[in-house]
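Got some structures for you, see below.
Below, chain A partners chain B and then partners chain C, in two separate complexes.
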Partner chain A sequence: MKKLHTYQDLKKLIGSHYMQAKTAQFFNQKVAWVSSGAPVELLRPFDVITVYPENHTSICGAAKVGPEYCEKAEAEGYSRDLCSYFRCDRGSTLLGTSPIGGLPDPDFLYGCNNICGTILKWYEIASRHFDVPFLFVDTPFVHTEVHKHAAEYVIEQLEGFIPVLESLTEREFDEEKFVKGLYLSKECVELWKDVLLFGAHKPSPLTCFDAFTQMAAIVSLRGTEEAVNHYKALKNELHERVQKGISAVDDEKIRLLWDNIPVWYAMRSLSEIFEEYNACLVADTYTNAWASANIDTGNPMESLARNYLEIYLNISMDLMLERIVNLVKVFDVDGMVMHSNRSCKPYSLGQYDLARNVKEETGIPVLIIEADMVDSRSYAEAQTKTRIEAFLESLGG
Partner chain B sequence: MENVTTIDLQKYIAEKKETTKIFAHFCSHTPEEIIHAAGILPVRVFGEDTIEKASTHLQSYCCSYAKRVLEQGLASEYDGTVFVHSCDTMQRLSDIWAQNIPEQFHETVIFPIAVDKGLNYLVKELQRFKTRLEEYAGDISEDSLKKSIQIYNENRGLLHKLYEKRKEGHIPAVTVDKIMRASMTMVKEEHTELLNQFLDEVELQENSHPRLLIVGSVVLDPEILDIIEEYGSIRYDDLCVGSRYLEKAEELSLKGIAQRYQRMWCPCRAATSSRVDYLIEKCKEYSIDGAVLLLQKFCEPYFFEAVHFRNQLKENYPCLQLELEDQPSLEQIRTRVQAFCEMVEG
Partner chain C sequence: MWCGIDIGASTAKVVLIDDEIVSKIVVPSGFDTVKTAEEVFEKGVQKAGIARDDVEYTVATGYGRAVVPMASKSITEITCHAKGAFYLDDTVRTVIDIGGQDSKGISLDDTGRVQDFVMNDKCAAGTGRFLEVMAKALEVELEELGGLSLKSEEKVSISSTCTVFAESEVISYKNQGKKKEDIIAGVHEAIASRIYAMVNQIPVQEKIMVTGGVALNQGVVKALETKMQKETIVAEDPQIVGALGAALLARESI
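Now for the complex of A and B:
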């Protein structure tokens, strides 16, 4: 895999972010654990340091400590069938460590069920463990459209959190700062979208494995200057690659779309299999989930609510299909690889039908592989490799 | 007339189908009163015992309830289906169902998860559901909704009496399960009549086995209840197809229906801690000696709370956790229940 030199900048950015989180108390700042789909922009005006257990556990997964941490949670009584992000996080908490030295203890938790019901259970457990408040944002699932009463319900909750946040952080809510953060967030999201759109270029200067790594900032640092600056630099690098004719995969012959959360511990081995067949995963449904934001400055709270209601995992399979078909067209892919991820039911259940629908609507073939995002004990490497190879051969690789 | 515990529900549904529209549903949170007021019979689906076709739609790591009900749906003809938002699995099943099963009406009522904050939202969501239903079945007057709520309240009041009796004596859990299933299947007024008759005639049994609480969603294989009662006496349950259904609507309106859900403690909703406190209260009220958790493999909401639940209960109430697979091993369950009950008896 050709590494983007911006990768080093990202490592520094995320490293210093975690460092800042660990020293927050010296700067009179509060640390919040935040779920990836939570409307974090509400926290920005309060100078809260936000850390993302999901990002942290993906780091643990990539560092291959997943099984060890998961076992720790299982020893406490948690079923091995529960989400491995949760088990890994729980294990890290119990062990008090991780490849980055563990997450700093939270002053409060801020989670939203627009990605799964798991967040609720996970954060309730963390809330009891650390004896800290849990600010839970309930975002009703979207079947066909966002209903007015659902948007109002979310707005009411967000507005209700303002006095709570004021007291938790001992800071006043500054509306101007809030709107500024929304703009930064929107700018960041648009830059991220531009970055991902480079995958539509033939040959593509990036693969979804790059996107999986680079997404750390859009998840963790959305609404900050640093994230905006980082993605500007990344965009420049990709532009440069295109100018110079550098492709992510040599002699790109097959273009593919990836579905679901990455198999974090198998990123390298998977990318090597695809490279061997000159196949490039040019886009994915996962990182594209952070690539839309409509901010109406006249109505900041409502646009925030609506954006977070409509995120990818909070919509019906019909709406998911629309987005997939659009990606197939925009990125002009020859096939799709779906990761059936036993840890993530909202993402994975329905894939069998989605695969059939994608085939029907676009004519591209779909391969489904069984794995888990962090717990490598549920991954049959050799078998998966054989299946991917057969798929790529059928695509003419 | 048949007895409430012996009635053949499949046959009953088949006969009703001749004259009545039937909607399938899956959850004790389904606003059945509104469906009833529209002149439609809401029938709770319990699923097929064997799974074939459903496996082409759902992965192996999906719970057996979802697989079993989908299997049944693929083989049945309902006029419509009503899902409610509970867990991630049932939410996705709603889409899979709609794509694969032809039906005239399909709706998911998106319940709030933060029940404390979500009352106003839920009232409006119930209103949206009612409007959708009216487009299909015609207007539902305020009076007919009131009447339906009263009919449901009456039935739930009787079910409550049934549970009260369990404080005093033993009623086989499998009998209670049959009554609950019938209540969620039959035309309410007809069930009420049979239930009244049952309550008049029931003779409470002497039973010296440990008094047990069972916790779970729906016991898909009721023979498990019989196995448990070879060694224990189930006096209270925390099941969807059980005590969670007993709550009445105090106000005869959509708001009343919505408020009812605020008193129903489902692990899919927020506040596990309060749920456990509530169950500890019930243990005291029903003089429980021990708790048996009947958890369906891959059921996230229950497995998440089980650890906290056991930790909170264990000082006063020993707990046995049974993980139920697609085809549970009954012998293994028997052995574990026997050992557990012997331990509880000391």
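Now for the complex of A and C:
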């Protein structure tokens, strides 16, 4: 896989972000641990430094320390059936370390159950451990559309947090700063969407493995100028690749869609298998989850509420299917690879039905592989390789 | 002449073909995959009465496919089993391969192309290994299981799909004084149920062909046919179907 130059910039950006988080106290800033689906824009006007345990555990996963950290949590009595992001985070906290030296201790926690119910228990445990407050946003599940009462319920919670945040950060809520952050967030999401849309080019200048790495900024730094600048640079690089006819995978013959969280510890080996067959994973449902936002800066709270209610894991299977079918069409793929992720129940439950529905609606074949995002003990490399290769052979690779 | 080598988890197979099958060999897979490949290839060539250089093209398949030194290409077991099964009988639309380490279902279209497939997950249930463990617990030879199960009059029910838990169920039946034949029949039904559930994730059309070493066990095949309720046949020499497919693909590669 050809590495993007912008990868080095991303490493620096994320590195300095963690460094800033670790030195926050010297600048009179508070550190919050935030779940990936929480409406982070509310924290921006309070100059809170936000770190994402999910981003951190994906780094642990890629550094292949997942099993070691998970085992530490399991030794505390946490079941192996629990989410490996949780177990890995808990293990890292208990061991007091990680490949980046551990996360800085939080001043408070900010989580939302729009991605899963585990967040609630996970953050409660962290809240007890660090003896810090936990601000929890409850987002009702969206079966068909976002109902008015659901939006109002979320708005009320967000507004209720303002005085709490004022007291926690010793700063006053600045509406103007809040709206500015929303603009930046919106710009960032739009740039990210543009970046991902480059995958629709034939041949594609990027693979989902690039997107999995590059997503760190949209997750952790959404609503900041640094993230906006980074994605502008990335967009330029991809544009240049397209102009020069540089493809991510040599002689692209097969175009595929990926579903679910990456298998962080097997990114390289997986990307090599696909590359060997001239197959490019041109898009994925995961990173596209951060590529839609209808932020109405004139009506900030309501648009925040609606956006975060409608995120990919908080919607019904029918709505998920709609989004997948749309990706199949936009990116013109020949097949889909679904990662049945032992850890992520909201993402993996229903995949067999979704696979059947996608086949029926679009006619493309679907492969399901079994793994876990961080805990490599639940992954059989040789078996997975055989499945993928057989799938690619059947696609004519 | 063309050669297919299938290095499986339990056995290694070689098939040499020209217009038809010239020689076929099955040996146990050793620790050293390269050595096993050399051994089985040499035996195959000898049996065919040809020199090594007479082999024009070799395709490797199976778990050890990537490290077979004499192979020009490696192709997965799924594609190879489909190819071999369709060659043996072109009315086959579903292949169920039960090997030492994994089992798979493959659905074919009417040209023999793989339409869809499914494999067991990271688990020994529904594989040859499951039977090996049970044979050991029951102190019978693996080859005897099939014949013994056909004598069962009152088969027991094994509820666990997990090999470890199923083994403890078998031991418990043993301690209750159940007959070996009845326990074995229960074991076969458990493996058939597991495969039934897996294979039905893909479209299953008649005729079904069972391949792989476990197809030599009539008890499993009978239990499977009862479950599937579809015409089920066993490949002639079921262990070599993957290697045969590889040899056919080798012939096509030229």
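We take it that the second predicted complex is superposed on the first by the 397 of 397 C-alpha atoms of A that agree within 3 Å, B and C clash if a C-alpha of one lies under 4 Å from a C-alpha of the other, contacts with A are read in each partner's own complex, and residues count from 1 in each chain.
Methods note: a residue touches a chain if its C-beta (ideal position, glycine included) is under 8 Å from a C-beta of that chain, and two chains touch if they have at least 3 such contacts.
Bear in mind that the values here come from a model prediction, so they are computed numbers and not experimental data.
Looking at the shared chain after the overlay, A:Gly77 reaches chain B, while chain C stays out of its contact range.
Once the two complexes are overlaid on the shared chain, A:Phe136 sits against chain B while remaining clear of chain C. Using the contact criterion defined above for the overlaid structures, shared-chain residue A:Ile162 touches neither chain B nor chain C, since it reaches no partner.
Of the two partner chains, chain B is the only one touched by A:Ser316; chain C is not.
In the superposed pair of complexes, A:Ala380 makes contact with chain C only, with no contact to chain B.
A simple residue count on chain A separates chain B from chain C, and the partner touching more is B. Look at A:Ala390: by the touch rule set out above, it reaches chain C but stays clear of chain B.
When the two complexes are overlaid on their common chain A, residue A:Leu349 makes contact with chain B while staying clear of chain C.
Touching of chain A by both chain B and chain C, each in its own complex, is seen for residues 352, 370. Chain C meets chain A in the complex at residues 63, 75-79, 102, 113-117, 119, 121-122, 201. Taken in their complex, chain A has these residues touching chain B: 76-79, 81-83, 86, 113, 116-118, 120-122, 124-125, 128, 136, 138, 140-141, 143, 147, 149-150, 152-153, 156-157, 160, 316-318, 340, 342, 345-346, 348-353, 357, 370. By the touch criterion stated above, chain A contacts chain C in their complex at residues 352, 365, 370, 378-380, 382-383, 386-387, 389-391, 393-394. Those residues of chain B that touch chain A in the shared complex are 56-59, 61-62, 66, 85, 87-89, 91-96, 99-100, 108, 110, 112-114, 117-118, 120-121, 124-125, 128, 268, 270-273, 297-298, 300-301, 303-308, 310, 323.
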